[in-house]
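The same subunit A turns up in both complexes below, where it pairs with subunit B and then with subunit C.
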Partner chain A sequence: MTTSLTSTRHAVTDLAQAMELCFEKGWTDGLPVVPPTEAAVRDMLEAAELAPGEELAFITNRQVAVTAEKVAINAVMAGCRPAFMPVVVAAIEGIGDPRWAYHGPGTSTAGAAVLMIVNGPIARELDFNCGDNLFGPGWRANATVGRAVRLVMRNVIGSRPGTLDRGTLGHPGKLSYVIAENELDSPWTPLHVERGFRAEQSTVTVMAAEAPHQFYNQLSSTAAGLLTTCCDDMRISGNVVGQSQYALVLAGEHMRTISAEGWSKADVRSFVFEHTQNTVAHLKRTERLAGPVEAGDERARRPLVASPADILVVAAGGRAGAFSAYIPGWGSRKASEAVTTLIKDRRA
Partner chain B sequence: MLDGILFEKVGVPAAAIVTDVFESTGRAMARSWGVPDYRFLSMPHPIANLTEAQLDQRAREIAPEVVKLILQGQE
Partner chain C sequence: MAGFEILDPTVEPRLQPLTYVARPESLKGRRIGLVENTKFNSDRLLRKIGDILVHEYGAAEARMWRKRNSSVPAHDEIIDEAKRGVDVVVAGIGD
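Right after this comes the complex of A and B.
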């Protein structure tokens, strides 16, 4: 495969002009980007040992091939270090997977972002934040890897507000929405191991997702107490009747309280599945389901998720503070499901 | 919208309908598929919360346009 870069060259006189050109061309997310010079793009490709023309994803509903060269350009623009490129590549492979089903979550008025959960040793090697200020700014890996993916969506796949990104509200996670699991402090099986990978492998899980919904309880000292608080908040959330997947991000205090009782992630999933169900009568009274309330509707229950397995439990967040978060997925699991892809450590 | 484009590509006449706020999205999809001038129909937004009677009225209003587009084809 050829090693030539095929993207159009633009001549500029200095850095400031290059940054302004990127704004003028509509290539940014509203913040300045790093101008993608040929040398920087080559460094990015080399770090992932990819030829420029290698196809990393094909978005069927858009008829768009996403090549390594275009991903590398956007990774440079986002501010990634070359070492981050394999993570960006894995995330792009994830959103290109037919199970993630790009066109729905990428276009929909529901305004999903791509939640990315990094697992395995690479999360620590590259300093992905899994602790304090989990969803906030301050970590280059978290901020730039997610930004790179969003820039690819915008500049390569065409997901631009008003045309092929019709998010009514969107949310700040559409700038970047990357967390790592706190595997060193967590007593639980890491997410990627639950999803079929080995602990020493590194992965990224992509899920089409709403913003994080924080819940609080510092009074309860029991797993059931904390998770009841979570379920009270969560029961009417997201699409409510769509049965999307959910991520449940348990931070330090809650993680320790819940695990101290011997609860596994499977126990958490089972409890949350049972306690987030609505009666059909309630869903009809509140006009989330159509039709009049009928005999049996008061007892008939509709689970918030189709199965306990649709709750992705992640241990992450600061050590202090009785807060955790649930994150509704987009639409329904049948329309888009979380995908975990291997981060290929091409240096090994 | 995409279904309509795909039907037409295999020679099956089709009429795609969007609500008016999605005209720009429909046009962008048409460009993605290499048929920038693809013809489709539009009706007022929204439709999801209309009553049965309102939906019937919408259908009656747009039915002649559907027939016309299908008979004319994409040209």
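Right after this comes the complex of A and C.
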């Protein structure tokens, strides 16, 4: 495969003009980008051992092939280190997977972002944040990998706000929405192992997702107690009748309280599945389901998710503070499901 | 700092040939296909449209298919059956 870069080249006089040109062309997310020079793009490709023309995803509805060259250009612009490129590539493969079904979450008025959860040794090697200020700024890996994916969505796939990205509200996770699981402190099976990978492999899980909803429980010292609070908050959240997937991010104090009683992630999932169900009567009274309340509706229950497996439990967040978060997925699991892809070390 | 070049991060979608079937001059005796996208009320809206096309415009019949969900194209069975069994298709969004 050829190693020449085929992208159009734009001559600029200096760094400032290069950055302004990127704004003028509509190539940025509203923040300044790093100008993508050939040398920087080649470093990015080399780090992932990818030929420029290699196709990483094909978005059917748009008839767009997402090539390594374009991903590398956008990763440079996002501020990624070359070492991050394999993570960006895995995330792009994930959103290109038919199960993730790009067209819906990439376009929808419901305004999903791409939540990315990094697992395995690479999360620690590249310093992805899995602790304090989990969803906040301050970590280059978290901020730039997610930004690179969003720039690919914008510049390569054409998901621009107001045209092919019709999010009514969107949310700040559309700038970058990347976390890692705190595997070192977690007593539980890591997410990627639950999803069929080996612990020593590294993966990224992509999920079309709303913003994180933080919940408080500073009172209970039992697993059931604090998860009861969580479930009460979560029961009416997201697209309640759509049965999307959910991520449940359990931070330090809650993680320790729950695990101290011997609860596994599967136990958490079962509890949350059972305690987030609504009655059909309630969904009708609150205008989420159509029609008058009928006999049996007070007892008929509709689960928030189709099955306990649709709750992705992740151990992450600061060690201190009795807070955790749940994250509603977009739409419904039938329309888009979380996909976990291997971060390949092509140099091995 | 000397001048330099930057690489364009965008692509153009592949062009696909797209041809339209000629619109029928009349709906009289035509078979109508309705593709429902699962959104709330889209079935009611399309059924109403189907009734109007039959009763006011003389269409022979109207039948409906349901997509797997609102975010995907009509699946192959719908396309295959529509090719064989209808002359005109109406697709709609229900929200």
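What we mean here is this: the second predicted complex is superposed on the first by the 347 of 348 C-alpha atoms of A that agree within 3 Å, B and C clash if a C-alpha of one lies under 4 Å from a C-alpha of the other, contacts with A are read in each partner's own complex, and residues count from 1 in each chain.
Simple rule for what comes next: a residue touches a chain if its C-beta (ideal position, glycine included) is under 8 Å from a C-beta of that chain, and two chains touch if they have at least 3 such contacts.
All values reported here derive from a predicted model rather than from experimental measurement.
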With both complexes overlaid on chain A, does A:64 touch subunit B (first), subunit C (second), both or neither? both
Touch check for A:99: first (subunit B), second (subunit C), both, or neither? neither
Touch check for A:285: first (subunit B), second (subunit C), both, or neither? neither
Look at the residues of subunit A and decide whether subunit B or subunit C touches more of them. C
Quick check on the superposed pair: does A:166 touch subunit B, subunit C, both, or neither? Answer first, second, both or neither. first
Give one of first, second, both or neither to describe whether A:158 is in contact with subunit B, with subunit C, with both, or with none. both
Let me check the overlay on chain A: which residues of subunit A are in contact with subunit B and also with subunit C? 61-64, 103, 107, 158
Subunit A residues touching subunit B - in the complex, by the definition given at the top: 61-64, 103, 107, 158, 162-164, 166
Subunit B to subunit A touching residues, read off their complex: 2, 22, 24-25, 27-29, 32-34
Flag every residue of subunit A that touches subunit C in the complex, lowest number first. 5, 7-15, 18, 21-22, 25, 27, 35-38, 41, 61-65, 67, 69-70, 73-74, 77, 101, 103-105, 107-108, 151, 155-156, 158, 290, 331-332, 334-336
Help me check something: in the complex, which residues belonging to subunit C touch subunit A? 1, 3-11, 13-14, 16, 40, 68-73
